[in-house]
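Chain nomenclature is as follows: A, B, C and D, assigned in order of appearance, with residue numbering initiated at 1 for each chain independently.
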Amino acid sequence: MASIRALALNCTLKPSPAPSSSDQLAREVLAELAEQGVDGDLVRVVDHDVRFGVSTDEGDGDGWPDIRAKLLSAQILIIATPIWLGQPSSVCKMVLERLDAELSETDAEGRHLTYGKVAGVAVVGNEDGAHHTIGQVQQALNEVGFTCAAAGTTYWVGEALHTVDYRDAGPKPDTTGRTTKALALNSAHLARLLAEQPYPPPGTGGAGVGPSRDPA
Amino acid sequence: MASIRALALNCTLKPSPAPSSSDQLAREVLAELAEQGVDGDLVRVVDHDVRFGVSTDEGDGDGWPDIRAKLLSAQILIIATPIWLGQPSSVCKMVLERLDAELSETDAEGRHLTYGKVAGVAVVGNEDGAHHTIGQVQQALNEVGFTCAAAGTTYWVGEALHTVDYRDAGPKPDTTGRTTKALALNSAHLARLLAEQPYPPPGTGGAGVGPSRDPA
Amino acid sequence: MASIRALALNCTLKPSPAPSSSDQLAREVLAELAEQGVDGDLVRVVDHDVRFGVSTDEGDGDGWPDIRAKLLSAQILIIATPIWLGQPSSVCKMVLERLDAELSETDAEGRHLTYGKVAGVAVVGNEDGAHHTIGQVQQALNEVGFTCAAAGTTYWVGEALHTVDYRDAGPKPDTTGRTTKALALNSAHLARLLAEQPYPPPGTGGAGVGPSRDPA
Amino acid sequence: MASIRALALNCTLKPSPAPSSSDQLAREVLAELAEQGVDGDLVRVVDHDVRFGVSTDEGDGDGWPDIRAKLLSAQILIIATPIWLGQPSSVCKMVLERLDAELSETDAEGRHLTYGKVAGVAVVGNEDGAHHTIGQVQQALNEVGFTCAAAGTTYWVGEALHTVDYRDAGPKPDTTGRTTKALALNSAHLARLLAEQPYPPPGTGGAGVGPSRDPA
């Protein structure tokens, strides 16, 4: 059975050692992945000097290349982000923009390096914004080559116009905890499938229907 | 090798026989899926008397149950939608709401009937709105149990504030045609993987880590 | 002082007499508008036979023209919608698509008939999706010519992954009630300003800078 | 007639002197505002050391307080942003998060300092994403107290899956140029109305209906 690793990126706006609800939920996801036999790392992006940009390396001390190296050796990426104004954080957007560079990177057979990697999304906020934040992050990750498993998300928010954070209100085993388990179960399964049987190279006829035509 | 079928739902606002750009793009997707050995059906939703609601059958001549039967026998769902005001069509939203009912349906092992089904998204508009429409549809489909393959989308829109439709401007083999091929290649591959090795039932320990704990 | 009327459209999926949380919040908005001297009507869209389309009249018994007549005699439009899958309802989307037709309608001076009308948004759901739903509706309404006042929205949702409705949980005077009051106060003020001093016709030089150049 | 100033924030990812399509469109907006008698400034946010955060001043050399001072003396804010992955830029999101701090700032009568300021949105990308980006930015700006005028947006994107930038393809007087004129005409009008007749303080009865009741 393929060995699977996970990388969780905490996209809070606050550098360490400030407490972070996204950190708490990311750790819960990694704990559930560990139950599925998946080892993982957790990186708080804002602690590293990641630069705005859309390349794999913006140079001059850019913190992204080290994070990217961890990503390339993982089969599961977890994006953990707080919600601000009902939307993913600017740090999360910065990460997604850096992943845009992967559209220019391919293996020897023409597949993006992200192909076959599974992405999960974990979102926390005081109140509202989780579904939209999940939608934004999933759309961007799918666009740059990741696959999201069924039920591949988890989130917590409080009642409308309230102000309590997950790190004070959580954990929530009957609601968020349940979706976190499903995220881990399905993402680990899908990551193993794709590690063992990768997407075919573009231009592949597939399904035994004969030689390839135009490269995709 | 698992036999795979596709169902494409055209979510245009216009009943037959009005020409439909979504219809054209949906047919192109089905043609590429056929190249991957996948047979498929195409349904123009607005031709059937589908009711607003969030159940599997709203009764009284509701057109959804027949469409749902086709869906349940397919392994790939293609949502083809026009863009209005930069967003998916109301007919598309009506379909997604009907799929919300699947959150109450499970097989004998507790898995949603949508688990293991792969969803692709095909979007056309005069100008702008494709990425957002894809994000909306992917988020909703993932939420109700579908998995979207890497590169599992295709779209066409014209330049900003222009008014030409895809059925007049297309086909576009070098841009939209290329993404259509990738959608078909990856979705067929993923659907076969998940047909042969389904997501584990909730509560499964997975990865040989012992008996299950809490059901997910 | 200009006399101001409001029209609230309840975009629930459920026909009367089914209870509706959107109905409850819409009534609260109208009550607060009444405190600002604004009379209003409430229409449950799905009780009328509104057709899919993007024209002002789809013919053959279409229910939209009557609703549109009410809209044209109002200065404030309130869109009240439930959340499904974190998004506005399909009925809400159908209404926005019908309003798209207003982009083809102008007064004698070339202004859209929606110009000068103020739009407010009221959203309810079990849990999550309010900010996004507001964003979708505001973007579409602004695009077809409405102006949204500062704080021109109100909403209620419960904690993540909970299932209680506003009509059981509400009213919530300290949270949703507060935003409802602000919506009414600011929307009534802005509607009066724009009724008394309409946007200038396109092509107007404005600000005393001389004759118009290109018509906008 | 009230004197009106505008501040345009260019949210490109690229520091000066790199060419920027957002810069070009922002300059076109300011030129049209000048035709309406509105003077303005243009700031490329990434040239200043703006920090991630949700306060008015993150300290330690944070570049935001100087930009905020310009904002507080302006009546019109223009957010100009590129599109990445179909969404507003991370720099744009960072700006919106800094504006979140304004929800804690009020004048002597309890109104946010943003009340009465008008916000316009200008968006450029190679292809697709403008409507969604506009929706994201408008929702966030409205939430923190800005008002968006009817037709208060302008944008350019190319045909789907194309790669030419606005600074090479533009200007586009018949499409984007027309919406830019409308943005300037309506935003200047609305800013003057709100400068002369501000939103009433919260808790105001308004409309001659007597003394205030609960503060909003």
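In this text, a contact is a pair of C-beta atoms (placed from the backbone, for glycine too) under 8 Å apart; a residue touches a chain by one contact, two chains touch by 3 or more.
Note that the structure is predicted; figures quoted are calculated from it, not measured.
**Student:** Spell out the chains that contact chain A while also contacting chain D.
**Tutor:** In this structure, the chains that contact chain D and also chain A are B, C.
**Student:** If we look at chain B and chain C, which chains touch each of them?
**Tutor:** Chains in contact with chain B as well as chain C: A, D.
**Student:** If you take the mean of the Cα atoms for each chain, which one ends up farthest from chain D?
**Tutor:** With centres defined by C-alpha atoms, farthest from chain D sits B.
**Student:** Express in whole angstrom the distance between the two chain centres, defined as the mean CA positions of chain A and chain B.
**Tutor:** It comes to 23 Å between the two C-alpha centres.
**Student:** Provide the C-alpha centroid distance between chain A and chain C, rounded to the nearest whole angstrom.
**Tutor:** Between these chains, centre-to-centre, one finds 36 Å.
**Student:** Could you say which residues in chain A touch two or more other chains, in rising order?
**Tutor:** Those would be 85-87, 131-132, 134-136, 139, 143, 178.
**Student:** Connecting every touching chain pair, does the picture come out as line, ring, star, complete or other?
**Tutor:** Shape of the chain contacts: complete, all pairs touching.
**Student:** Provide the residue numbers of chain A that touch chain C in the complex, in ascending order.
**Tutor:** 85-87, 127-132, 134-135, 155-162, 172, 175-176, 178-179
**Student:** Can you name the residues of chain B that touch chain C in the complex?
**Tutor:** For chain B paired with chain C, touching residues are 13-14, 46, 52-54, 84-91, 93-94, 96-97, 100, 136, 139-140, 143-144.
**Student:** How about chain B: which of its residues touch chain A in the complex?
**Tutor:** Contacts found on chain B: 1, 35-38, 112, 114-116, 131-132, 134-136, 138-139, 142-143, 145-153, 173, 177-178, 181-182, 185-186, 188-190, 193-194, 197, 199-200, 202, 204-209, 213-214, 216.
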